[in-house]
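We just call them A, B, C and D in the order they show up, numbering each chain from 1.
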Amino acid sequence: MIRKGEKFYLIAGPCAIESEKQLFETVSKIYQNIDYLRAGAYKPRTSPDSFQGLKEEGLKILAKVAKNFNLLTVTEVLDTKDVQLVSSYTDILQIGARNMQNYALLKEVGKIKKPVLLKRGLAATVGEWLSAAEYILSGGNKEVILCERGIRTFSQETRFTLDLAGAVKAAQKSSLPVIIDPSHATGEKDLIESMTLAAKAAGLDGAMIEVHYQPEKAKCDGKQSLTPREFNELYEKL
Amino acid sequence: MIRKGEKFYLIAGPCAIESEKQLFETVSKIYQNIDYLRAGAYKPRTSPDSFQGLKEEGLKILAKVAKNFNLLTVTEVLDTKDVQLVSSYTDILQIGARNMQNYALLKEVGKIKKPVLLKRGLAATVGEWLSAAEYILSGGNKEVILCERGIRTFSQETRFTLDLAGAVKAAQKSSLPVIIDPSHATGEKDLIESMTLAAKAAGLDGAMIEVHYQPEKAKCDGKQSLTPREFNELYEKL
Amino acid sequence: MIRKGEKFYLIAGPCAIESEKQLFETVSKIYQNIDYLRAGAYKPRTSPDSFQGLKEEGLKILAKVAKNFNLLTVTEVLDTKDVQLVSSYTDILQIGARNMQNYALLKEVGKIKKPVLLKRGLAATVGEWLSAAEYILSGGNKEVILCERGIRTFSQETRFTLDLAGAVKAAQKSSLPVIIDPSHATGEKDLIESMTLAAKAAGLDGAMIEVHYQPEKAKCDGKQSLTPREFNELYEKL
Amino acid sequence: MIRKGEKFYLIAGPCAIESEKQLFETVSKIYQNIDYLRAGAYKPRTSPDSFQGLKEEGLKILAKVAKNFNLLTVTEVLDTKDVQLVSSYTDILQIGARNMQNYALLKEVGKIKKPVLLKRGLAATVGEWLSAAEYILSGGNKEVILCERGIRTFSQETRFTLDLAGAVKAAQKSSLPVIIDPSHATGEKDLIESMTLAAKAAGLDGAMIEVHYQPEKAKCDGKQSLTPREFNELYEKL
């Protein structure tokens, strides 16, 4: 379990599960340096024509590869109807930024017995983020991890604006662990190392980082994915 | 049905259905001046401790009062599991701003035979808004109405920032009707009249306005609700 | 003088004074339909390598062309050192958005006897905008016109976000006239007509619109400039 | 001189020079741990009724106290007319966020022989910030230090949003040193330590921090000022 103030946790893996080979090749190069494997089987994409994920087939690949390397997993759930299914395959359920105020979904994951990683919505205040966590906590599920993944501002030379001070403030105001997602927050691989080091220095609890063994061929977010080698170099600096 | 370029439609009613008396008293004073009655039975509230709506009991009240005044209705749905139920009671289903990128819900309402009023997310670009509409359209449901309800910006002297130019741009780029929600966009009753007149002058297709017969006693959004008298005065100016 | 609540004033002209021919050709086609001629001699440009304006030579052209058509003028001043000079050539001095909190400049124009058109800063609250006006008013100059020209938000499909509700709120909170600049606010000629009609319907006092007789050859802001014919059509609709 | 990549510089001192006693008492407790003393004699305040600074009297106090402790100084200049005067008293001239696009002022400080600390405007992109620096550099003054002081976003639980990734990006794109101002960026003393440690970990060149020997009595920004003891504790952690 991810506990507040204990260590700096690393969650890594590709944006989407594309195939067993893709996941295996990626994980085989980084598994010794990560605490959790992350990869998406249900992908919330802006356009209905974009790759939507492998769904249950992807969950099976995730579970198989994770078992092979003895890793725990994080994966996203999008629909109240899928909560039981996804929960049966993964260790931590992720609620994405677009669903931070999907209260039906928050209530549903509040009923399960697995931790929930709750991303901050891209226009959510810290107060709204903590209130969204309350929807899960008040359902009886006390294991919530908060994840700052960048807010939407006028400044779009980075994909989003990492609100590091907001993340620290959330950590000060609640008893929940708080991590960052520098990959989505910045959208640029050249900023991931500095933001991860900054998050650790600021006292936060971890980072979730996109890694792909062939970023240039990734079905989503290749531009912001580290290679396994780059990830391992970052691990050494931490 | 709300058709693009035909007239300036008025959708009005209280934020939430609180009781049959509350809805009846409100509607009885404005029914002659509105095209659709709006009122919420499922309320997406920031805190789990706030009033969450009367749910199916509210839908029954809505249907009963609407039938009494021979009105068509608009009401919000929050969960994929409730789409069939809500659809059986109302004429138009509303997808709220917080759920604009709840793609599971968009796909579900794409399968039904009733129009969908799609609010713009509070940090959504016009492009993302139109892409969200695509999720519904590509499911086979061609009746989508776009509703601009204010975006979240640094400027918080109004509750949100009404992006009237963005709404006009959405109307230019798509064949769908576009309306505004000045009540949520501004959060102030003193700005509703001017913004509604502005939307009509700008060529948009309508406005959705909160009206409550006793705004000071409303369970939500009382500060931004017009009284029936104020609404009828606005109707005269239009 | 521009007075609050009296009529809907139109201020028009090119972004920059480029030559006597350019200004004369533009003005000759619209002078009957405008209340004030606007054109810049000192241009605040993002890059030091961009065209910076014709400076005093431009002021002379402005005064000459205005006199020929018996028009009053508006032009921008950028430096405290130039206030007296610019004031000697124009009827209204403009403080641009970038200088809204250039308090040295505000104090300087507070000492002169000519009206000041104060644009809202692109990240200024309504309160800060009115406080900036106070700097001018408290210097003894009581003729201030407020101009909303779009604020900077995440939404960048239009150049800026026209905050029409904020402009109406400024008008409600102060005794000063309030106009809009739809050209800078939207950056698109196809949105200028709808926003100008909306501003009039919302009860504001006027609009400042960029017009160039050859927009495709303009040294700045050509994309958002109306042709004289388009401007005159808008005048007719108003 | 502040050089890129050399060390993590600390610039500290009170927001405003209030009296010789105030400055002396503050500096006497921190002078051993700072590289530069900062304090304002000309204060850009939102309201004309707020304390505007001691002006030249303040500059004299600053120079006297700095000489006593053998410190170099940073202070803000607001008006082109004051550049020579301020330059005669200080080692580094500061251009504040409100004046980042006051191009007349940028050109004026481009002509002097002292370094300029250029704060990012609160709605400026990284590109606009670097272009503003170009106005100084192209005048012949090659000593520019960039300072990120928070941008204005919807998120107002902190005073501004510290854009740490944007600051790192500016450092990557230019050859100029880049520091942060965590005091203005967050507006909260409880966030200053974590943001300063984060900036150092991210590879930036320093921090400018408000320190006052009696924050509760400060004429401006007391809420975000560290006490000398708190500042010295932060120094030890760095």
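We adopt the following convention: contacts are C-beta pairs under 8 Å (C-beta built on N, C-alpha and C of every residue); 3 or more make two chains touch, one makes a residue touch a chain.
Note that the structure is a prediction, hence the values are computed from the model and not measured.
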| field | Contact-richer chain pair (by C-beta pairs counted) among B-D and C-D | value | C-D
| field | Proportion of interface numbers common to chain B and chain C (over half same, under half different) | value | same
| task | Averaging only over C-alpha atoms, locate the centres of chain B and chain D and give their separation in whole Å. | result | 47
| query | If you average the Cα atoms of chain B and of chain C to get two centres, how far apart are those centres in Å? | reply | 36
| Whole-Å gap separating chain C and chain D, where each centre is the average of the chain's CA atoms | 33
| Among the residues of chain B, which are close enough to touch at least two other chains? | 123, 127, 152-154, 156
| query | Can you list the residues on chain A that touch chain C in the complex? | reply | 123, 152-154, 156
| query | Okay, in this complex, where on chain B does chain A touch? | reply | 44-49, 78-82, 98-99, 101-105, 107, 121-123, 127-128, 131, 134-135, 138, 152
| query | Which part of chain A faces chain D closely enough to touch in the complex? | reply | 123, 125-127, 151, 153-158, 161-166, 168-169, 172, 185-186, 188, 190-191, 194-195, 197-203
